[in-house]
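A, B, C and D are the chain letters, set down in written order, and residue numbers restart from 1 in every chain.
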Amino acid sequence: MPPDGWFRRKSKFAPAPAAQIVAQVPDGVAIKCAQCSEIIFTKDFEKNLKVCPHCGSHHRLTAAERIAYTVDEGSWVELFANLRSVDPLHFKEYDSKLAKSVQVTGLGDGFVVGTAAVSGLPLVLGVSDFRFMGGSMGSVAGEKVARAMEEGIARRLPVVLFTASGGARMQEGLLSLMQMAKTSAAAARLAEAKLPYIVVMTDATMAGVLASYASLGDIHLAEPGALIGFAGARVVAQATVQKPPEDYQTAEWQLGRGQIDSIVPRRDLPQTLATLLSLLTGRASVNTGGLNG
Amino acid sequence: MASLNVLDFEKSIAELDENLSKLHQIVEDRNNPQNKPDLAGQIAELEEHRTALLSALFANLTPWDKVLLARHVKRPYTLDYVGAIFEDWTELHGDRMFADDGAIVAGLAKLDGQPVAVIGHQKGRDLKQRQQRNFGSARPEGFRKAGRIMQMAAKFGIPVVTLIDTAAAAADIAADERGISEAIARSMFEMATLPVPIVSIIIGEGGSGGALGIAVADRVLMLEHAVYSVIPPEGCAAILWRDPERKSDAAAALNLTAQRALELCIIDDIVPEPLGGAHRDWAESAESVKAALLQSLRPLTGIPAPTLVAQRYEKFRRMGRFTELEGV
Amino acid sequence: MASLNVLDFEKSIAELDENLSKLHQIVEDRNNPQNKPDLAGQIAELEEHRTALLSALFANLTPWDKVLLARHVKRPYTLDYVGAIFEDWTELHGDRMFADDGAIVAGLAKLDGQPVAVIGHQKGRDLKQRQQRNFGSARPEGFRKAGRIMQMAAKFGIPVVTLIDTAAAAADIAADERGISEAIARSMFEMATLPVPIVSIIIGEGGSGGALGIAVADRVLMLEHAVYSVIPPEGCAAILWRDPERKSDAAAALNLTAQRALELCIIDDIVPEPLGGAHRDWAESAESVKAALLQSLRPLTGIPAPTLVAQRYEKFRRMGRFTELEGV
Amino acid sequence: MPPDGWFRRKSKFAPAPAAQIVAQVPDGVAIKCAQCSEIIFTKDFEKNLKVCPHCGSHHRLTAAERIAYTVDEGSWVELFANLRSVDPLHFKEYDSKLAKSVQVTGLGDGFVVGTAAVSGLPLVLGVSDFRFMGGSMGSVAGEKVARAMEEGIARRLPVVLFTASGGARMQEGLLSLMQMAKTSAAAARLAEAKLPYIVVMTDATMAGVLASYASLGDIHLAEPGALIGFAGARVVAQATVQKPPEDYQTAEWQLGRGQIDSIVPRRDLPQTLATLLSLLTGRASVNTGGLNG
């Protein structure tokens, strides 16, 4: 279960992590797309939901951006924000890495859960923030995923999770590994309660997260070009003689392998989610106006 | 014990074993019945010494020593236990969709007269077997076969026993193509609500998702020198220090021993191995595993399925360590 | 209607259509607004003649004519109906194990405001599409995708509609390798106990197991000129007469028309096509199919699932003709 | 769904149909194995359960032979023997073919159902006789399979079916095709009743039968070398560019494709069935002595 920094990316298909976007012009007026190297004015980039207007590359979002781009304005209520990771194994540099991630992201942990509405349809929403130690799943992320599902059961609401993770968080050892079982078991409970569970796989969704709750949705959506796979490039190279195909471990490749229901451009995601939630719950959506209406 | 397959820290034992075997040879030499030297005293002394040495060595194994023991090529594998522990073993093949994965064996058998479904990773001992078994690294078909047999067990009210012994799930492109992630996830998902008792025992390597994929059980046991880890020590060292050779440090950092797993409440019990490790006495190891399986299954039998499933959920639900801040 | 894609028995109609279109062209000629000849009488006469001819032709179609109509490349395919009949169509891909089969499309949509799951064979109209859709011959992944969507529909209490249009299931080695037989069998097995209403309509070719594999429904409908057969007429002729060219005789022997299927109690109703066949008026065909689907689904909604499943079982259980001797 | 005569056989793997075994020596003292061309004395052939002592080829059995080789002596009670095919479509030569099959086999139809015991364990047993129009499934065979399963449900007994069929019976048109749905639905009912269902695939198990009740067992056994596949060689050749592998559509090939639990030599079948029935029902088997004890 490799953590962040483990994944090699194909230049043609996979978008670059947001962190790699280097500001080329002073004062943050413009940035350079790490995918196509074109210059993008920051205000165009933001307006375009951080999709490169030149190459269409979907750059990574923070959890806050994702929520803002997805839910009806004013509908978001965060839950379980008080959970914090500990360092149960006294693992090398874990403490300092955690502190740095908290500082950089302003988040208590890399997985954010809350209730919200999309086109008026209520749901439990969970979003992973890749900046926080590569979105790796430690005890807190696993706990929040499980609580999101239990919240769905308690409130009879559908659950939508946006995944972005390098896998289990090595620094918590077996405690991390067990989050795979915990979240899968929670998904099984949600399924028994016959509540819709939609996964939206974003760049990157890997290893222990892909091999647990990310692969157990009723519906799997993915953003274009997102890196989605089991093992990192190094491990695959060790295990395989032949060269991977050009589009290996992209959303498009996974679609062809039967793992994804639909690849949806970022701008269309709110509408697609609203349609699916309406179809699965029988509730009618309402036009809520604005960006996502 | 052949001089091949001897771990570094076992070398002093191997020397003693050699001397002992020479003495036994002399005593048992049938060509020399008249002139048999009385070596009983010497043998007894050497054996005592051997036991003391083994005890001392095995009381101070490092986590990395345990990794080596767990991977020991002479260590009994799943089918070795199956042959020794169960009756009427009937292996069942195939996922009914694509292939039969040799890295996971599955079937029905009786344990002390009672039907059980048995599922386990199977490593190979020689090159040909290893290739056929994919070194015990299960492909999607293996998890799907396991799932099929577990659903069958559920249908007929038969408890499930799984034996875990894998470095990791298959991580090649072909496994990815056929949905290795989905297969592991689905297996855990289904085990979480399986309405029959499940007991898992890690007999050698418990390698991350490939192991946990068939270890979502009511009772999870580990052999004394087995290991259970979120990532192989080599991979961890490569990430932490960009140096796979620091695997020994990584093994320590990962807390992958049975003793630590028990302290972290990841497993329910440790199953003792013969002195010097399971590979020194397969029969005793099998006896030990059999006793542990029976002891674990007995209290689960008769628990109503909803209670059983609810308890299993709570067991895994509780795993993890974090804090909840106040006033946030 | 292009002169390509005209069946032999349609040729007289095609000629009339050509003449009619010439007359219309003259009338509509904008460059000549002053000197417009009054052709209304002629046109009306021709159209009347055309209708009479179509009625006569289509009242006397042979079973083989029906086979040709069912396979007509201009006939509306599943996605043509889906686009015209349903709202909020959201296609869902993949079997979650190996691939996404283009020969079967599946998704969720609304029919008259109510959610339904829609599953159907999809043929291709041009060469590229045909290859991508495997000519509508479903592979194991197609049936497994269908099964996944049906289970999802069952989970959320959503009725299922299937549209049948396939010459046969994929019969190549690769399909066999991945368990095409198992996939078809499993699909029927699961449909037999699916706890939601299922309505199937054969819109073109109902080719043996490949068709029935997604047609174990509470109500099975057939379009007026669709066919449903245990074996393609060509294959039947090859076996019976060692001469695939006697397909027309085989088509008659096989009783593969909607009219005979209704008499044999294999289907529940025949859905009328526009005069001259569905390919002459897609919009009218879609209206007809939509009305039939709504009419079939309505009485099924609200039946408790156990009753529904029991009735479905009885429906297929009764199929077959045999005698029971007395005193044997 | 092709009927008998449709299947080409691979010389290396598939055994020859019993009908092809030509008596080479007068008075039926010996026969010639159509597989390896060796001469076998009839009494050795019978004693060896019609397995060639030279090449191990499992020659086809009649239903009566199969029952005699499988069940405890005296335990067999036939059911539904009074069902007879009709000719609902007035299909070319169907009547005469039926009459000939009845005459040759002495059976009312090609599928025989009854209750019996194996090592003292009671079961419902169904056996297909390939001599009867290639074991093709018409209305009677489909009805008997369904009744076998319903009998299992009514008596709470496991069901064991020996398959041998070219597929659906063309001469009954759609009525035959519907037997696929009927038998699959019956298998679903048996599964809901949580009763064991064991399929033993024998030479040949094809097309509409393989694509319905034959593929729905809890356990799938097969005899060595049995031809098992979806489409006949002609159809496959039309649909596929590449040449089939040597062992294509044999039991051994299907085992490798994950469709079969175990290939069991004919002599071991009674013991294997007894063990499996004991494991699945929890009942103890008893040694009943004799051939199958």
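Quick notes
We adopt the following convention: a residue touches a chain if its C-beta (ideal position, glycine included) is under 8 Å from a C-beta of that chain, and two chains touch if they have at least 3 such contacts.
Remember, predicted model here, so these are calculated numbers, not experimental data.
Taking the definition of touch as given, a chain qualifies here only if it contacts chain B and chain C alike; those chains are A, D.
A centroid comparison over C-alpha atoms places A as the chain most distant from chain D.
Per-chain CA centroids place chain A at a distance of 41 Å from chain C. Between the CA-based centres of chain A and chain D the separation comes to 52 Å, rounded to the whole angstrom. Per-chain Cα centroids separate chain A from chain B by 34 Å. Of all residues in chain C, those that touch two or more other chains are 96-98, 177-179, 182.
Shared interface positions of chain D, i.e. residues touching 2 or more other chains, are given as 191, 215, 257-259. Judged by the touch criterion defined above, the protein chains form a pattern that is neither an open path, a ring nor a star, and not fully connected either. Chain pairs that touch one another, listed by label: A-B, A-C, B-C, B-D, C-D. Interface of chain D with chain B (complex): residues 191, 194, 196, 215, 218-220, 255-262, 272, 275-276, 278-282. Across the complex, chain C meets chain D through its residues 169-182, 184-186, 188-190, 192-193, 208-209, 212-213, 215-216, 228-231, 235-236, 238-240, 253-256, 260-261, 264, 266, 312-313, 316-317, 319-328.
Interface residues of chain C facing chain B in the complex, by the touch rule stated above, are 96-98, 140, 144, 177-179, 182-183.
Partner chain D is touched in their complex by these residues of chain B: 88, 90-100, 108-110, 114-115, 141, 145, 152, 155-158.
Chain D contributes residues 1-3, 5-6, 81-86, 88-89, 91-92, 108, 138-140, 142-143, 146, 168, 170, 172-182, 184-189, 191-192, 207-208, 210-216, 229-231, 234-236, 238-240, 242, 244, 248-249, 257-259 to its touches with chain C in the complex.
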